[in-house]
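These notes open a run of structures that come right after.
The two complexes that follow have chain A in common; it is paired with chain B in the first and with chain C in the second.
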Partner chain A sequence: MATLVKKLKTINKPKPESQLVNKWTPAFYMLPAMFVMLSMVLYPFGFGVWLSFTNMSLTKFFNPDFIWFRNYLRLFQDGVIFSTFLRTIIWTFTNVFFHVTIGLFLALLLNRKLPGKSILRVLLIIPWAVPQYISALTWRSMFNYVYGAINIALKMVGLNPINWLSDPTMTFIGAILANIWLGFPFMMMIALGGLQSIDKSLYEAADIDGATSLQKLKNITLPLLKPVMTPAIILGTVWTFNQINVIILIAGGFGNEKTQILVTEVYRLAFNFYRYGYAAAYSVVIFLMLLVFSLIYIRNTGIMKELD
Partner chain B sequence: MSKKLSSHFERNDSPLKTVLIYLILLIFVFIAIYPLLNVLSVSLRPNDSLFLTTLEIVPDNWSLENYRKALFEKDLLLWIRNSLLISTLTALTGLSLSASAGYAFSRFRFFGKKTAMLLFLVTQMFPAPMLLLPMFIMLTKLGLINNFFGLLIPYTATAVPFTVWLMKGYFDTIPKSLEESAYIDGCNSFKAFYKVILPLATPALAISALFGFMSAWSEYIVAQIILRKSSMLTLPVGLVQLQMDFTAEWGVYSAAAIITTIPVVILFVALSKYLVGGLTLGGVKG
Partner chain C sequence: MKKIISLLLVLILAFSLVACSTDEANDGNVELVIWEQMPNDADLLFDEIAEEFMAANPNITISRTHYETEQLRTNFQSAALAGEGPDLVYGPSDNVGIFMVSELIQPITNVVSLDYLEQFAPNALEDGKVDGQYWELPDVIGNQIAMLYNKDMVAEAPKTWEELVEVTAEFQDPANGKYGFLYNEKEPFWFVAWFGAYGGKVFDDERNPQLDNEAMVKALQFTKDIRSKYNLGEFDMNYDMADAMFKEGNAAIILNGAWSWSSYKEAGINVGIAPLPTVPGGSNGLPFSSTKGYMISSFLKDEKKEAVAKFFEFFLNAENDAKFALLKAEAPTNLEARELESIKNDELQKAAVETINFTTPMPIIAEMRAIWDSIRPELEAVISGDTTPEAAAKAMQERAIDGIKIIKGE
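Then we have the complex of A and B:
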């Protein structure tokens, strides 16, 4: 009864919604998150750009000089960035290619009536579930020359053991192997989700028309998976491009120049050689590359239209 | 009998094809779990036979000695405590930030909304080292090196973009009429959000909190730069240090790695469905 009276009172004297929710209400909800994002993303970003025009280093930490474009000039004169860039392309392309093909292949196998497939699926996503640093360290120990499982297995089939960790090229190849292992379950899960949303009647209609399974794959499955896989592949490409844990940990610290990709090279320049200004210039160049890639992504997916 | 059996398989698959599919899947399962089995195997080896050159999983003379050492002679418990602390703080901070921001994105139209949402998305694409160096210098100048607070802010910032999108997606599914009736009952905006909407969003809140927790639990690079004091180390930094001392501590490291990994793997497998849902939502819907 009391609540009814209260309700009646409020109905008699209704507060218009505009009074309860004014133009400052969204700001009230947004401010905390925006503060963190701006202080941890936008401010460091601006600071990094400024840093790239200075010669800050460990000895010049508090009194860096403003040297304009000299870092950028030296970056391209040194020329190491070109081979590192090439290695990054190889790294990203190889990894994403195998992530997608293995993931798609396994998803196709799992997307059929198969007793026990849920257990198989759970076991197959384990590489994604293990913390990345532990996976990388585990692969590092498996690459050990004498006691590592991979060389032991190579010997058992009569092959020569490989110097995974002391030959920089082999370290790089090893890191690719480890990262392929790390990344295929993500693509598998995305593809599986996409496959399950495809209407079964399409396949039945194709069966009636006498289509082969290859034709069904090419004309039904792959085209319908494309909208699901494209964003995942783009995301995967950016993740792989930015992947820093695997190479750093498998190489065991800062490692050799010849195992680095762009992001690990920045990390090395900054935290091994303490060339802060130079490393900042390096990362601005990387950022510009990613920016171009992101703009293409945003344009192609029409993401801006969906943001309402 | 054969009719009943065949209903478990695809209609047109021959027995040979089914066997082949199982075989391929099992090979991949083996590849997927072998590295963990390898760690498990090393962790069970007693010290005198640590360096074996066989591939068997459970050694004949297995022992739990390495687990005892990891827990009671090394700093594993300290690292776990530190990691629990920082991960819980990250989860709670990230949760409150992303719930409120996600709510604003879901319910209001305001100036700069598109830009803000895009900002959250674009941060996912930033190369980490690009922000790492300025952040490190910034935190050094603020005196936040060797300080959990110095770790909390970057961790929250990395977890929040994903969880904001997740929360927005979930709030979108809750009808607006619920708040409207709350307004009529005399609630103000915050009270309606806090008392009516948040309780309904519990599943998404749980996923967001766990996501924040797990991302902090497994983070290595930032922690390695910010934490220098041995009493402050988190699990990843501590474990990497143990592993780098390969010859002496391989067994102990492996035991510690198993203790760290198993809970995370179980949690992850249980949540994977929602994580994929959130990711594809963020990807497909924009």
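Then we have the complex of A and C:
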């Protein structure tokens, strides 16, 4: 912001009527946005952190005690968080990996000359356009043991039907499959936008030098897609990490802890078991994990440098 | 700089003015805010009755907001934290335990007298009673599961499990999508009926869970036997599929709750409704029943108490209570309403009253959450053959104890 103020100042310097525009002007324009940020983000966030130091629960709803770090201690003593964390990592990594690879692959296809491209593009966006709720419930029906489409297909090719919804491991895999299907259109759209902004002359130059299409992909397409894909991947990671609907809808509730990831566990603790303080501590730990991830990712990719 | 400060002040003033304007003027007019979780047709009926009520009481306005079950609970909790929220909450009685422990609601006797309560069915009032206080004024009692049989396939309701097997066996043909008997076997709400049939009760008198016992083992074994021994039912059967099979005439007998009964009539099925049959070596399947009703917020202003009492008298009089009951095959709680011709002559109401005798009230204490959460995964594991009934019963009990500790914040 400081640089912005400086820039504005230099622009306005020669003008005599600069009394109307002084160094506070940008701040003034940002006031409404700041107000919204403070009341909608900072305050709830602070409240959440405060909550994590209290023992607010059903029996301590109006007058919770301040118990310092006891929630956090308990969190790590309980130990469930470690297996849930591992599951969350598997969940996030598999999902984002397939979102990006499938999305990128389809974007590369759509970026070529292709018959019926516009229809294909609409079809491929459908998973994204249909309300998540409906898609997830449809997937749940497809996982049914006797009448689900997936088991029927498995039987047709001579394989044994899989017990998707009663075996926690299979339920978890099923949720991953459903979420991959739900998530790739977003990455595809972003990648497609990035691809279309790449200068065609680069490819022409590469063609003249006799580059193979693999070399073009490696040396032109991917590096130039990086600035577009990096924020999308960060976003995708945070979204997937915090994805609550798909798991709950596919698993049909919170019953089995072997299908939970960190955020669904927090939801379960807060709204099924009414352990608000403990759930808040859980949330703060999740926030710190995501913060560290984002910082490392931003530093290693150098994506924010231009904005400094 | 000055300009900014003055602008800030103006902003703050403007905001506080907006905040003030929502406070109502004290001119004898009262607004009753009610948050409800009613089905759509009950909403419409509510609005109709509210119009009549407001015409009769011009100084009282009723404003109604609809919420789904979970949202009603969480929104009420967060509004109450800020000392705000509705004056009345309408919903299923299992909210009572949660709202009461966290001091969100007050006993209804703060507004109405015990004499007034005498006109209601005692077992319905009992459902909303915790620690010797009545926390809910129920308008309907029901929600129980019953046996639904297609009269075109099964002439008379089987009374015992053996009879059921006998009359349904000929219809069971899963390869062609036909079934003699189907139900939602993985859902704990259905399962507890078998647990009850073998004499199980989820809590003892001290509110401790009691899931690891003979009744549980027998109930789990019976659930398994339905498919493996009696060749009925279907693996991974869920609610919607059982529902659809029955509506299409592809299932002779299913188990479903009072909320669904009218839909089968509408689907043109010649449906009979009867209590669950007796299970081998046990009594009749004993599902949970529960009430729905009004709860009073702890933050109700004193000047609104009279209006609330008037509201109850109007909405829960025999005539209006019967109207609500007729919507969903739930029995009215107003005893006088049960004597009205409209109730007596209604087939679904008759079934509701008949089957309610083969139910047990669902515990409304907050600990119940832990019971549901402990039954579900173990029941699923038994059904898919991953564990034995004995081991599952033991694991359920452990889960329930852990869960209750968590809820109590221990």
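For this structure, a couple of remarks:
One rule holds for everything that comes next: the second predicted complex is superposed on the first by the 253 of 308 C-alpha atoms of A that agree within 3 Å, B and C clash if a C-alpha of one lies under 4 Å from a C-alpha of the other, contacts with A are read in each partner's own complex, and residues count from 1 in each chain.
In this text, contacts are C-beta pairs under 8 Å (C-beta built on N, C-alpha and C of every residue); 3 or more make two chains touch, one makes a residue touch a chain.
Fair warning: this is a prediction, and the values are worked out from it, not measured in the lab.
When the two complexes are overlaid on their common chain A, residue A:165 makes contact with chain C while staying clear of chain B.
Contacts of A:94 after superposition: neither chain B nor chain C is touched. Of the two partner chains placed around the shared chain by superposition, chain B is the only one that A:235 touches, whereas chain C remains out of contact.
Within the superposed three-chain model, A:134 lies in touch with chain B and out of touch with chain C [touch as defined at top].
Ranked by how many residues of chain A each touches, chain B and chain C are led by B. Look at A:36: by the touch rule set out above, it reaches chain B but stays clear of chain C.
Looking at the shared chain after the overlay, A:146 reaches both chain B and chain C. When both complexes are overlaid on chain A, the residue A:111 reaches neither chain B nor chain C. Of the two partner chains placed by superposition, only chain C is touched by A:60; chain B is not. Look at A:273: by the touch rule set out above, it reaches chain C but stays clear of chain B. Taken together, the two complexes place residues 27-28, 61, 141, 144, 146-147, 253, 271 of chain A in contact with chain B and also with chain C. Interface residues of chain A, counted against chain B in their complex, comprise 6-7, 10-11, 14-15, 17, 20-21, 23, 25-30, 32-34, 36-37, 39-45, 47-48, 51, 56, 61, 102, 106, 109-110, 112-115, 120, 122-135, 137-142, 144, 146-147, 149, 152-153, 156, 181, 185, 189-190, 193, 227-228, 231-232, 234-235, 238, 241-242, 244-245, 248-249, 252-253, 262-264, 266-267, 270-271, 276, 279-280, 283-284, 286-287, 290, 293-294, 298, 301, 303-307. On chain C, the positions that touch chain A within their shared complex are 1, 4, 7-8, 11, 70, 73-74, 77, 81, 98, 101-104, 174, 186, 234-238, 240-241, 366, 369-370, 372-373, 376-377, 380-381, 383-384, 386, 403, 406-409. Of all residues in chain B, those touching chain A in their complex are 8-10, 13, 18, 21-22, 24-26, 28-29, 31-36, 38-39, 42, 51-55, 96-98, 100-101, 103-104, 108, 110, 113-114, 116-138, 153-154, 156-157, 160-161, 164, 180, 183-186, 188-190, 193, 217-218, 220-221, 225, 236, 239-240, 243-244, 246, 250, 253, 257, 260-261, 264-265, 268-269, 272, 276-277, 279-280, 283-286. Against chain C, the residues of chain A that register as touching in their complex are 24, 27-28, 31, 35, 55, 57-62, 141, 144-147, 163, 165-168, 253-258, 269, 271-275.
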